[in-house]
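Below is the structure I would like to discuss, written out as structure tokens.
Lettered A, B, C, D, E, F, G and H in written order, each chain numbered from 1.
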Amino acid sequence: MDDESLKETLKRVKKGELSIDEASVELRKISFSDIGFAKLDDHRALRTGQDEVIFCLGKTPEQVREIAKELGKNKKLLATKATPEQYASIKKEFEEAVYFENSKTVTLKPEENDFIGSILILTAGTSDHSIAEEALVTAQFLGSRTELIADVGVAGIHRLFSHKEDIDKAKVIIVIAGMEGALASVVAGIVSVPVIAVPTSIGYGASFEGLAALLSMMNSCAPGVAVVNIDNGFGAGYLAHIINNGLN
Amino acid sequence: MDDESLKETLKRVKKGELSIDEASVELRKISFSDIGFAKLDDHRALRTGQDEVIFCLGKTPEQVREIAKELGKNKKLLATKATPEQYASIKKEFEEAVYFENSKTVTLKPEENDFIGSILILTAGTSDHSIAEEALVTAQFLGSRTELIADVGVAGIHRLFSHKEDIDKAKVIIVIAGMEGALASVVAGIVSVPVIAVPTSIGYGASFEGLAALLSMMNSCAPGVAVVNIDNGFGAGYLAHIINNGLN
Amino acid sequence: MDDESLKETLKRVKKGELSIDEASVELRKISFSDIGFAKLDDHRALRTGQDEVIFCLGKTPEQVREIAKELGKNKKLLATKATPEQYASIKKEFEEAVYFENSKTVTLKPEENDFIGSILILTAGTSDHSIAEEALVTAQFLGSRTELIADVGVAGIHRLFSHKEDIDKAKVIIVIAGMEGALASVVAGIVSVPVIAVPTSIGYGASFEGLAALLSMMNSCAPGVAVVNIDNGFGAGYLAHIINNGLN
Amino acid sequence: MDDESLKETLKRVKKGELSIDEASVELRKISFSDIGFAKLDDHRALRTGQDEVIFCLGKTPEQVREIAKELGKNKKLLATKATPEQYASIKKEFEEAVYFENSKTVTLKPEENDFIGSILILTAGTSDHSIAEEALVTAQFLGSRTELIADVGVAGIHRLFSHKEDIDKAKVIIVIAGMEGALASVVAGIVSVPVIAVPTSIGYGASFEGLAALLSMMNSCAPGVAVVNIDNGFGAGYLAHIINNGLN
Amino acid sequence: MDDESLKETLKRVKKGELSIDEASVELRKISFSDIGFAKLDDHRALRTGQDEVIFCLGKTPEQVREIAKELGKNKKLLATKATPEQYASIKKEFEEAVYFENSKTVTLKPEENDFIGSILILTAGTSDHSIAEEALVTAQFLGSRTELIADVGVAGIHRLFSHKEDIDKAKVIIVIAGMEGALASVVAGIVSVPVIAVPTSIGYGASFEGLAALLSMMNSCAPGVAVVNIDNGFGAGYLAHIINNGLN
Amino acid sequence: MDDESLKETLKRVKKGELSIDEASVELRKISFSDIGFAKLDDHRALRTGQDEVIFCLGKTPEQVREIAKELGKNKKLLATKATPEQYASIKKEFEEAVYFENSKTVTLKPEENDFIGSILILTAGTSDHSIAEEALVTAQFLGSRTELIADVGVAGIHRLFSHKEDIDKAKVIIVIAGMEGALASVVAGIVSVPVIAVPTSIGYGASFEGLAALLSMMNSCAPGVAVVNIDNGFGAGYLAHIINNGLN
Amino acid sequence: MDDESLKETLKRVKKGELSIDEASVELRKISFSDIGFAKLDDHRALRTGQDEVIFCLGKTPEQVREIAKELGKNKKLLATKATPEQYASIKKEFEEAVYFENSKTVTLKPEENDFIGSILILTAGTSDHSIAEEALVTAQFLGSRTELIADVGVAGIHRLFSHKEDIDKAKVIIVIAGMEGALASVVAGIVSVPVIAVPTSIGYGASFEGLAALLSMMNSCAPGVAVVNIDNGFGAGYLAHIINNGLN
Amino acid sequence: MDDESLKETLKRVKKGELSIDEASVELRKISFSDIGFAKLDDHRALRTGQDEVIFCLGKTPEQVREIAKELGKNKKLLATKATPEQYASIKKEFEEAVYFENSKTVTLKPEENDFIGSILILTAGTSDHSIAEEALVTAQFLGSRTELIADVGVAGIHRLFSHKEDIDKAKVIIVIAGMEGALASVVAGIVSVPVIAVPTSIGYGASFEGLAALLSMMNSCAPGVAVVNIDNGFGAGYLAHIINNGLN
């Protein structure tokens, strides 16, 4: 029930066109999509970005284009896990859409806004870069200042410590690692800010497509870590942003 | 927002004590638990039985008693997976509560109502009896006529066929089997009514506590089968009842 | 033993050509495929549709065509999980066969019959559409009135509630969801009719090709849900139909 | 190298007892535990609470007591997963230690400090209470204002929505759910703050001791969720606190 | 339909009391439990032993006694996985029943019959003895000459080869091994008779209760091996017997 | 130590060129590959067929050809899981090699020998045909009379029973089934001969590439069943042959 | 064939009582247990310790005592995973046997021998101590100088680095860790000696009884690590010893 | 802090430009990347080979080339799991790089150095050759004398024993096996040197891409075995080398 209908009903009560009982029944009929969830919707409008995100996996290029057309009305759009075909399809609608090939991410954005706060993304190895890019693009799209320090896995832990200063400055840290995923525990052990761990499917054999890293991160002996899905750079970037955003 | 508050608001609009805009804001505040979901609640009241069911696993006897006290106001109550201690705790509140030891089920019921329709429960082996009893007690508690034919597993498939007549009369069939769970497929292959399959944790070794039976039932080559959780006699009895109930 | 042989035997008894003992032995020889199961067969003939269904996975186009030729004698045929090649092969036999590309389903049907009852299919996301189509085509092929409301997953639960009215009208509901499959529990919590849950392989990482959704649906905290195999749109459509069919 | 040795070396340089080169070699020998990590240690001292936490699983009561004695010097101590025997052992050392029986948590704390911010813990069912208590005790021990709304699982989703107002006030939300764990996705879909999901081992059969809930939460279709280990109330409370703490 | 009814029907046909058509209908009604499966039953009566076997897991002592009473009419009975309580319950009915404590097997048997053929049971380690005993008791109960060579696992493969002569004499070999289960492959590589492999739950850690041995045996690089369930000594003894029995 | 060296040593003993003690030491040196295992080898030569089998998976066409050349000296050769390329490579060496495309099996055989005994292969569905062909070709290659009855899965169990007569004649039965694999239990329940169960990877979703069928068959409630690896038609054909061969 | 028989045969050749051909056949009969493997046995006698080790899991106290009696003839014996009952049983035979309660290890040893080389055991947490003790006792029993540094897990990685000097001295390192097992990778990244990783079952929830640590260690991004079974302190101690032993 | 800054500081202390206290503070600031870890780095420079290894999986050809350019400055480089494209990319930089096609390994090496010690690689079957080649190339690259004996799996165990002499000479043994991986246990049972087991993904069905072999090797009943990741030939070669290297 939109505002007009609601007020209309009330006016008719005032005028005596509707009895109290009739109006009561009328208002009871209000489906929560009309009332209850309108509030939710308004609320959701306040959230940065989610409404403009398309998860492309399993959708046809045509479906992606349709959804992009609708969600991208304000020239703001993020599409994740997008194949080149899906990107091409979006591009037909929005010429200025940009494609990040490594991470298969598409962005459409107005003039660069001011970035806030400080998110740091750490990756264990070069192979984790595509997922890191997804997290980076997501967090920047949403408005967070985000930096990436790559290839600081525990096989040579001094590489990590040489960045201690940058690490100490971050307000939220995303750790991206495949194989045994040990980097998450090590980082959580030396910082006091939230660590979001992203297991990646990098590895082979008993990495079981990221399961080893996932379980490892889940069992971190250092507290302060929470885990998102394997290869879910977007999820990490999004969560890091809403934490970082609240801090500013 | 209960009915009185709603009408009160409307009255005040009528009297002019509240402007249209003020009333509009007021009504917008209505949480959906007050309005939107009241409808849901009324609706749920129409459902047979769910509101009177306690799932006892992981609750202290005291918690069970508290919940029982509240839900059992109409002297109608079903508690599943209840230990003897939990039963004893319920009994303190409701002297007439009955305990089915095998299935660890507690019932509290008014005078026997008329049973409707026809549910048939088939078990593969004697060891599946406790889960069968849970399904039986549940379906009867909810008001369905329910019968049990035990020990007709596929190791001696003639035992099943000797009950063909009873099987043909059923409107819904529950198949309860552990080990390889093959009975579900066989039954679904000879009937034209819905088959609800309940894998049980009966077995050892590679039965992996019911996983073998679950996967087997999930992959039934005969259509018309759906599966509930391992050892979930209650779930099967409940679902069978709402199908059976709709048919009458 | 066909009818003629049986009557022939009896005639010879009557004529005295066979002694009672000889005839008794003769009749004992009757294999149950000839007698016992003929009854089964007649019975199965009453079932809607199963005899005309081909599960195409793992079959060569030629095998599919052979089976189609035999099963499709009454110009009624449903083939699931059919590749374009398998469809082409069926088409050679039945020019009027229709191919649903998304769901890889083939149908061959006489004039549209009257649809009965009311099945509602709900999907969590656009990506689940192909499985939904399989369920839809199946249930309609078998004769059930079936509707589809897409993209009402729990990430924005108001989308679901805005269809509350349609949901309340359904006699059976099929919920199709990948990822975490939470939609099944939520729907089962607000309706009083049977819910058939179909986990889909949509997702990535720890969705493990649908395992996450399957386990989630299996453990639904709301009763009234049963689960079919991952991506088994056909199984859900079939089961929904036999429940819906019994209700009319 | 402690401060004294360092200054001693420098004095000897000043006095000319050590050449620049000799001193350079000497100082190079400084193990990082002495220098480099002293910084770390100081840094870690700034972190609220971690240094005073004992994870009791797999430790003997005597070991627990020893550790407690050392960590609890400031009369501040948190011990998780503590058996009554382990608690008794701590109590011998610290008479004023308190035991939370449900969650097997022990706390030792000075006068109640001012609580900051706002953490909200939501549980799906009564059975999840022990884990919720662990999270609650942890977050409060660390200094966060923390509230608990129990039993708002998706089987009756209106129970959740009736607390919408409280939900909207929280700065961080912890969702604790066993079985299918759907509550995490639903909550993340209606809020804009970080959601920390804790799968619990509540359930049976195909819940596989919390695996179903874990996978479900990992695959949340709503972004903004990260997951900690099954039954890891402490981890959730700790992470929620450091997010909440940063926000104030 | 028993013999008398059948002959009665035929007599009435002969006498003309029943028309051919009427008799035809009458005979069609014969349920297969009465006719078709009687044949099956007769057939099954020819099988050695299965009808006298009770699988005790998940049955109450009282249920076991009831079943024992019925199956043991000919003073011949085998009960597997029987607890001491279940044994005691059987003993009340059959004083002469014998209990094999290690393997939890109960036997009741008439005078020792002649043993036929030659089954050899090989175990990898002393810890596999209880399962070996179950296989041994089963095969001997059914009438096969059966010997056991224990503790010839591959950690010291010369122990195996020192029994080469005995191994060469066997007509069927049962290999019982936990941990990595390698013995099955090694044995199959040096014999030309069927090898039945029984994985046991002996081991710890990544043996996952026998899963490691099961998978290992399943993947035997030497052909001629088939696998029964983890700890299924009975199944191996039974299958070995029917192979051995056919050979004599 | 080849025969000549052995005899040479003995001759020198006879001639007095070697003392008893010296010869004793000499003979002790004999490596078992020379003596001990020669016996094994001779023994293995008595086995039908294994020495002429190539498992092609993971080998290059060139490697396959090399091995074929060596093993196929007697114009007798069986190659399994052979790609068309691997077959082509064998064909270069042996023009008369035959390729079974469905099962990817290659055979090279002298004039048809007399087949012995009776193996029966039952498949649950048309899709299992390729594995059945592998078993059939293997058993026939080794010399066993082997028949195949296809498509008798439990979805329409009357199809199985209509072949009861053929089933009763078999001395060994191979059951090949994917999906839920229930056929193995049902067959084992109605026969008294050994049943070798082959799970196939036919199915989708929760069949997990044959795992569901494997677990199902492992847990058969009917005794007399043993299981070989998923899709291991060769292993089943081989084992069936050595059982069947012993029986004749 | 013992020495006497062999010499006897040779004598008869010398005397001409046996022809060369006859003797050749006779000697071919020599089973390898008699000849070939005697060599093996002699060889194995050279191995330190394995012959004196009892793995107690799944053995009765009586069986353990019997084996101890035989293996412990030289007053040297190691028994692992021994319950107090099993220890008591050994003690009856060998009064001087010592029991390590934490690790359930029993040792019986002559006067302390000289320890060689240098093995270092690192544990992640106090809870890993029992497994560490098993490794320590094993390596010392076999004769290796072995030290233990406990509680240096990655949650506070400075604890590890403060022992850098000791770490650098070790010739072989055993890393023992439960939960996420990250310590193995970190250690392997800073040393150049072999690292043997022992996952422990310490942890809960998604540690899945040590599986998380096992997979983590298997996927170590630092080379130089190999893994033994979960909780297999003995295996690690044994392997470390034979590496260390070779180095001296 | 580089050497110059350090000496500069000390000079200023000597000159009295910095007080002891000021210098103390200054030196405390030294980040461990500057001091502490420089030592680590130097240390790591002493390790043979690791610094020159590229793990190519998941990297673009361009990334591989960049890394190769940097690491290969001394004309020494090892790249594993390299696609032909990645090799081509390296070749552009280093013309003399060699590609091992089977194992996808690239090497770049100065004049052949002297090989030390003795590593033996044993494979179970021809199909394991590619992984064996990776181990061989790695160990030789690092400087170890390494030999390969192929195709000695347990299906014909005499093949293994015929190489007993070579086996006895090795100082470290690598066992490479897919399917059931039994070779590792058998080898460990007859040698007294360290055995490094490499499970391979060779197999099908229930080998689950190497999981069966991995679990089997983990559970070896013979001590002295440790396991690296599935298909991790590099890891085995590296570890074998550092053991072998220490021994010389």
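By our rule, a contact is a pair of C-beta atoms (placed from the backbone, for glycine too) under 8 Å apart; a residue touches a chain by one contact, two chains touch by 3 or more.
This one's a predicted model, so the numbers in the text were calculated from it and none came from an experiment.
The minimum number of touch steps separating chain D from chain E is 2.
Contacts with chain C and chain E are shared by B, F.
Relative to chain F, the chain whose mean Cα position lies farthest away is D.
Chain centres computed from CA atoms place B at the largest separation from chain H. Copies chain C and chain F of the same sequence differ by a rotation of 90 degrees once their CA atoms are superposed, given in steps of 5.
Between chain A and chain C, two chains of identical sequence, the interface residue sets overlap only in part, with shared numbers making up under half of the total.
One simple way to say how far apart two chains are is to compare their mean CA positions; for chain B and chain F this gives 50 Å. Rounded to whole angstrom, the centroid-to-centroid distance between chain C and chain G, based on C-alpha atoms, equals 58 Å.
The multi-chain contact residues of chain D, meaning those touching 2 or more other chains, are 31-32, 36-37, 40, 44, 125, 156, 161, 190, 203, 205-207, 211, 214, 218-219, 223, 229.
Of all possible chain pairings, those that touch are A-B, A-C, A-D, A-G, A-H, B-C, B-D, B-E, B-F, C-D, C-E, C-F, D-G, D-H, E-F, E-G, E-H, F-G, F-H, G-H. Taken together, the chain B residues at the contact with chain C in this complex read 36, 40, 43-44, 46-47, 50, 53, 161, 168, 171, 190, 192-194, 196, 214, 218-220, 223-229, 234-236, 238-239, 242-243, 246-247. On the chain E side of its complex with chain C, the touching residues are 3, 6-7, 10-11, 13-14, 16, 20-21, 23-24, 27-28, 30-32, 35-37, 39. If you check the complex, the residues on chain F that touch chain B are 124-125, 153-157, 179-182, 184-186, 188-190, 203, 205-208, 211-213, 215-223. Listed in rising order, the residues of chain E touching chain B in the complex are 31-33, 36-37, 40-41, 44, 55, 57-59, 63, 67, 81, 199, 201, 209-211, 214, 229-232. By the touch rule above, chain G contacts chain D in their complex via residues 125-129, 156, 158, 161-165, 178, 202-207.
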